[in-house]
Structure formats: C-alpha cells, structure tokens
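Each chain carries a letter (A, B and C) given by its place in the written order, and its residues are counted from 1.
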Amino acid sequence: MRGAFGRRDILKFGLAIFALLATAISISRAADDFIIVQSTTSTQNSGLFEHILPVFTKKTGIEVRVVAVGTGQALKNAEKGDGDVVLVHSQPDEEKFVSEGWGVKRYPVMYNDFIIVGPATDPAKIAGMKQAPDALKKIAEAEAPFASRADDSGTHKAELKLWQQAGIDPTTSSGGWYLETGSGMGATLNTAVGKQAYALTDRGTWLAFANKDDFKVLVEGDDKLFNQYGVILVNPAKHPNVKAKEGQAFIDWLTGPDGQAAIADYKIDGQQLFFPNARPES
Amino acid sequence: MLEQPRPLTTFDSGAPFLGTLLPLELRHLSLETGGRRLIDRIDLKLEDRGITVVLGPNGAGKSLLLRLVHGLLEPTEGAILWGNAPMDDEVRRRQAMVFQKPVLLRRTAAANITYALGLRGVPRSERASRALRALELAGLRHHAFAPARVLSGGEQQRLCLARALSLDPEVLLLDEPTASLDPASTLAIERLLIGAKHSGIKVIVVTHDVGQARRLAQDVIFLHHGRLIEHQPAGRFFEQPESDTARAFMAGGLVL
Amino acid sequence: MLDFSQAFDAAVRQIVTLDPQLLEIIALSLKVTLTAVAVATLIGLAVGGVLAVYRFPGRSAVAAMLNALMGLPPVVAGLMVYLLLSNAGPLGVLQLLYTPQAMIIAQVTLVTPIVAALTRQTCEDLLEEYRDQLRSLGASSAEMVTTLLWDGRYRLVTVVLAGFGRAIAEVGAVMIVGGNIDHVTRTMTTAIALETSKGNIALALALGMILLAIALAVNVALMGIRRLANHFAYA
C-alpha cells in the first residue's frame, strides 16, 4: 500500500471531513429566532421558566434560551454582550447596570420572598422569629452551621445585607459554622441539608426543591426578606449583536398582562411562587 | 530505476545490470561514537559476483559495516562507493536488506510484500502477482493471507527474504539471517541465497557461524575490533588463514 | 435521608419508559462527543504521527506540552473557549457561544492532546521496531507516518476510545460554553448537575446510570478489540 498521498487518499480524507462538517451542521438548530436571557439559578430551579416560556414562544415564535448563573455573573455576562436580556433580583446592581450604560431600562417584573430554612431540630431556636437579622444573630451566637451561597448572586447579596443589619460579619467564621459554598441555590440547599445547616433561600426554589429532608421554613414574613425581580434589555448601542427587537418583545410580554398572568399562574402544590408586580406603562 | 521485473522462478537469467553497482569500494572507512572506534579505517574492494561472507566474532563490527554500506548509518570518516557512485538513497533503492530479527508489518504475509512493492513504485496491478511469485519462491504460498506475525520464526525470516527478493535488488544484504533459526529453516534460507546468487544478485551475508560461512562463501571478509583483518577467496581463507585471529576464531576459540 | 433503592427504582422506570426528554439529552451528548472525538482524532493522529517520525528543533518541548495538556481540567478548557467565543472575545462575531458547536469545540480541545500524545507514544514504540527496515525499504518520512498509523491501528482505536471516555463524562467544559440551556445545550452531565441541584435525585441517578452503561459498553468494546488484535498478532 503506497503510503504517500495519492489521489485516492485525498478523496477519502475529503469525504471524511465533509461527513464531519455535515454532522456538525446538522446538530445546529435552524432556529434563528431566539434570544438569550441571562438569569439566576434560583429562578431556574423554581421551574418558573418551564412554565411561562412556552406561552411566550407559542405567541411570538421566539425561542427563549435561558443561561442560569448567579446574579453577579449574569450581569457581567451581559456586560460582555453574551446575552440579550437579563432577569435578576438585585435592584442596586440592576440600577448600576443601567446607569453605566450596559442596559437600556429596568422594568420590575415580579417578587417573591426569602425565607430562612433549617433542620427540624432548630439548634439556634429561631423558629417563628419575626425579624430576620435577629434570627441570624442567634445563629451566629449559637455557632450553628449556616450555608451561604457566597457567589455574588442576588440571594447572596440579600443575605449579606441581613448580616449587616444584624451587626455581624460571618465571613470571619468562614470554614467554621459559616459555610461559603460558592454555588447556586439548589447546590447550596443540598449542602445545607447534608450538613444540617440553616440557609437563606427564595421561596420559589424551596417549594420546588425535592431534597428537603426534615427541613422546615423557620423565619418568614419580614419586610427585609422582600425579593424583587427586574428585567433589562442589554444595550444594543454597546453590543450590536444584541437582538433588541426580540428582546424588547420578551420584556413587553413579561411585563404585560399575558406574561404577568402566566407568572401568577405558576404554582407548586397549590402555592404561588412568584407575585407579578410590573408597573403598567404610563 | 529498473525497467522490467525479473522472473523470479528461474535462476539462470544473466545479470546484465550487475556491473553498475559493483565494485563496492570502502576507503578509509571509520565509525566513531563516544570516543570509540567501532569501525576502524577499513579499505576494501569487492568486485566478484559470488556470495561474500562477512565473518568475525561478536562485536567485531560486522552489522555496523552492513548498515554503513546500506546507508543506514553515516560514517565518521572515509567513503563508500558503489560502482564509483557515492552511497545515497538512489543506491539504496537498488539494494535490499534482511535483518537479524524479522521485521514484519501487522498485516498478511502477502500484504507485507505488496507494501514494499508499493514503496518502490510498482504499479498496483502488478503487485499482487509479484508478491505471490515471491511467496511461491520461498515456499510460503499457502501462508499468503495469514497474518505475517503469527508465522513461525523461520517462516517469518523466509518471508523477509521473499520480500527483499521481490524488489529485484542488485545487491542483497543479510545481517545474521539465521542466527535464531532451526536447521531446517536455516537450510531453506541458505538455498534461497544460493538461488539468488545464481540469478545474478550480489549477496553479502554477515554471520558468526563458521559452518554457514563454509557452505555459502565465495569470498570472506574477516573483521575483528572494527578492523579488516583479512579479505580472501573462501578456499584460501578456510584452508590457510593468514592471521592468528582468524585461525583462532575458526578453531572455535573465544577471540578477545 | 436519601433512599437509594427508591431512587434506583424511579431511575429504572425513567429509562424503561424512554422518556423523550431523556432521549433528547442522551442524543445531544452523543452527537457532541462523537463529533468532537472524530475531529480530535483526525487532528491528533496526524500530529502524533508527525511528532513521532519527524525530527525538528523543539520537538521534545512540543511532546512534553502535549503530555501536560492531557491533564487539562475540563473546566479550564471550557473557560478558555468561553473567553474566545464570548461577544467580548476575538471570535464573538461567530455567535457560537451557548451552542452545541461551542461544546464540540471545547471537547475537541480536551480530547486532541490525549489522542496526539498517545499516538506519538504508540508510533514511537512501533518505530523502535520498524525504523531500520522502513528506511531500508525506502519509505519517506510521510510514508512512515501513514504506515505506522495503520500498523498501530488496534492500539490507536483504544486511544480514541480513551478520548471518548474523557469527553462523554466531563461537565466543566460543556457547562461553561453551552450554558446548559434546556433543549439546546443540555447534555447528560449538565442535566445531572442541574437535577442534583434541584434535588431531583431520581432523574440524576437515571442519567448517571446511563452514562455508566455507555462507559461500560466502551470498555467491553475495548476488550473485544484487544482480543481480536491479539488473535491476529496485530496488537
């Protein structure tokens, strides 16, 4: 068999490459009509997107692809132009995003609330407390294990704010009773359950979470646990690749009567997870 | 470049092209590594048609000499001339070599031969028939489509020789081809070498087996410590070796 | 606490009913990895073969680098490809981020060093045996490469299967460049990560079992090939 590249060999080689390219291309979906939404793991884990997105797609034919990361990362990705819309829950960061020119305009969409969950044994005895910062103070004093997301997410930032209000810096005990998982909501909850630790979580994720063990909702209802979601179109002036028309269509739908109804409609075990509160456009 | 494939089943065709690669001339040939002279200033002229045997104790440099004249090694000093032309790739194409351990590709016996023919540029249509004829010659026809590496040691070496012969070489070099073979295989190989000689191929075979040398040689090159000790016609060498080393070697002693 | 038998039962049920979402995920995993392995093999065999045969300055440095890259953590490969494909990056204009193509690219960067380094090793070993004979027969360097690649085919098949095993099981690279988007870039491994984070242990286990089954099938195939090769002394 002659080893050098004869014509036959080039033909075989060429056919192989062609076959590979054909396969590769066939994997790519023809969908040109799609937008990428940078959102958070808590929203994804709650199952909300599976419920509301098909409604939007059916109406407009636009596919919505959600990349779920922490709020901080979602906003940074959007700054790089790797998304058309952001849907996150950290108002100060969202406003900064817009004021720095990365986003066009911030629209409030929905809210839910945070809750503190913990093992049934409740070592710090915080069940039923009305003030979240006070509960955290008791956890710190008892040095009971607490699992934090520690990932620059909206939930994490809300948690840090509560510690601040309690006058405690828990990071000094990081690795001790304060566990910084650096993970999404679900992963952090897994860690909390595994370590019998307290955790701050949004109600949506908690209701949808399938690994609760004997954990209970221990603290809820404090105004400081209010969790507002906002949606922003990534600024096409900064990143021309942004699909502004489709992105805005999504925002309009989400904040309009149909989207808001779909959000309110999403329930687990009869319990509503998110409460629509978009302001009507004036 | 050879024009016509030579029929391999007859051994009495003349060798009109033999004159082109002979004589083999070595002028002051040396090979040195790490400060040691492995081949030491050899001057030699080979012009006869018969089988030349390179004889000597182990470590004498016989294999190295063969590799040098086949162009697998570069000499440190001196010149190698085949038919007044310096050693190069073109010259090597007109030679074929069989090594001490059979080297066969992981394919069938016949495929090993057609592979070599392909490298030489033999047209695809001719390769199969030439390979089969070579296998026939070596008594391996019935193993043509067996995986080459499951054959016995003797069969593998015969296959290597068949492959070499199929290339129509003008010069055939063999490095201790039967060193690890049983007598029956050794006999088969030797018969093929004699046949090759009769078809006009110049055969140079390295061996440390005096008996084999006696059976095959027309002339003998005796090496020791990388130096050419003797170059004689076989009859004279075996009856009356000139050097003490050769005498001691043939008497069966360990020559240091 | 986690009840394994409960989860196991649910897992088997998932598999047996051939849930379409499950099939979609498995199909995507296989498409991405098989394509990546095919491309990586073409590149890796060529690079490995050339590296084994040709002598050039810096050759051993390249070989050492390839060996080191075999241990490239998938998440690092994912990060590098992400930076390339991001809209803020040099290849952003290709709009490949969060697509299966990006995942293929990331896995190619993981698998190619494996194939190349192991091919180089295989060819070098073969060359030890063949070099003098091939030179004697007049093979050029290019001819030596193709000869060695074909001759070492059984060993190289196991090399390719090793690359496949690495790619099908990794999650770091495909997660970062693919974004784990439902119906678009969700593979078995990223789905396992997601379902685990949702506490859906049963589904995560089901996917894990299928992944293991594939790994097992690959290994069985490997054993079969080895046995075949030994039978013909082609190993």
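Going forward, contacts are C-beta pairs under 8 Å (C-beta built on N, C-alpha and C of every residue); 3 or more make two chains touch, one makes a residue touch a chain.
Keep in mind the model is a prediction, meaning the values are calculated, not measured.
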item: Most remote chain, CA-based centroid, reference being chain B; value: A
item: Chain closest to the middle [Cα centroid of all protein chains]; value: C
item: Centre-to-centre distance between chain B and chain A (centres being mean Cα positions), rounded to whole Å; value: 77
item: Between chain A and chain C, centroid-to-centroid distance (C-alpha), Å; value: 31
item: Inter-chain centre distance, chain B versus chain C - centres from mean C-alpha coordinates, in Å; value: 47
item: Multi-chain contact sites of chain A, meaning residues that touch two or more partners; value: 1-3
item: Numbers and ranges of chain C residues touching at least 2 other chains; value: 139, 143, 147
item: Where chain B touches two or more other chains at once, by residue number; value: 115, 119
item: Touch list for chain A against partner chain C, complex; value: 1-5, 16-17, 20, 23-24, 27-29, 36, 41, 44-45, 49-50, 65-68, 77, 79-82, 183-187, 189-190, 208-213, 239, 241
item: Sites on chain C touched by chain A in the complex; value: 1-2, 28, 31-32, 34-35, 38-39, 42, 86-89, 92-93, 95, 97-101, 104, 139-140, 142-147, 150, 179-182, 184, 194, 196-201
item: Parts of chain B lying in touch with chain C, wherever the complex brings them together; value: 67, 70, 72, 89, 92-93, 95-97, 99, 103, 105-107, 115-116, 119-120, 147, 149-150, 167
item: Residues of chain C that touch chain B when the two form their complex; value: 129-130, 132-133, 135-139, 143, 147, 151-154, 232-234
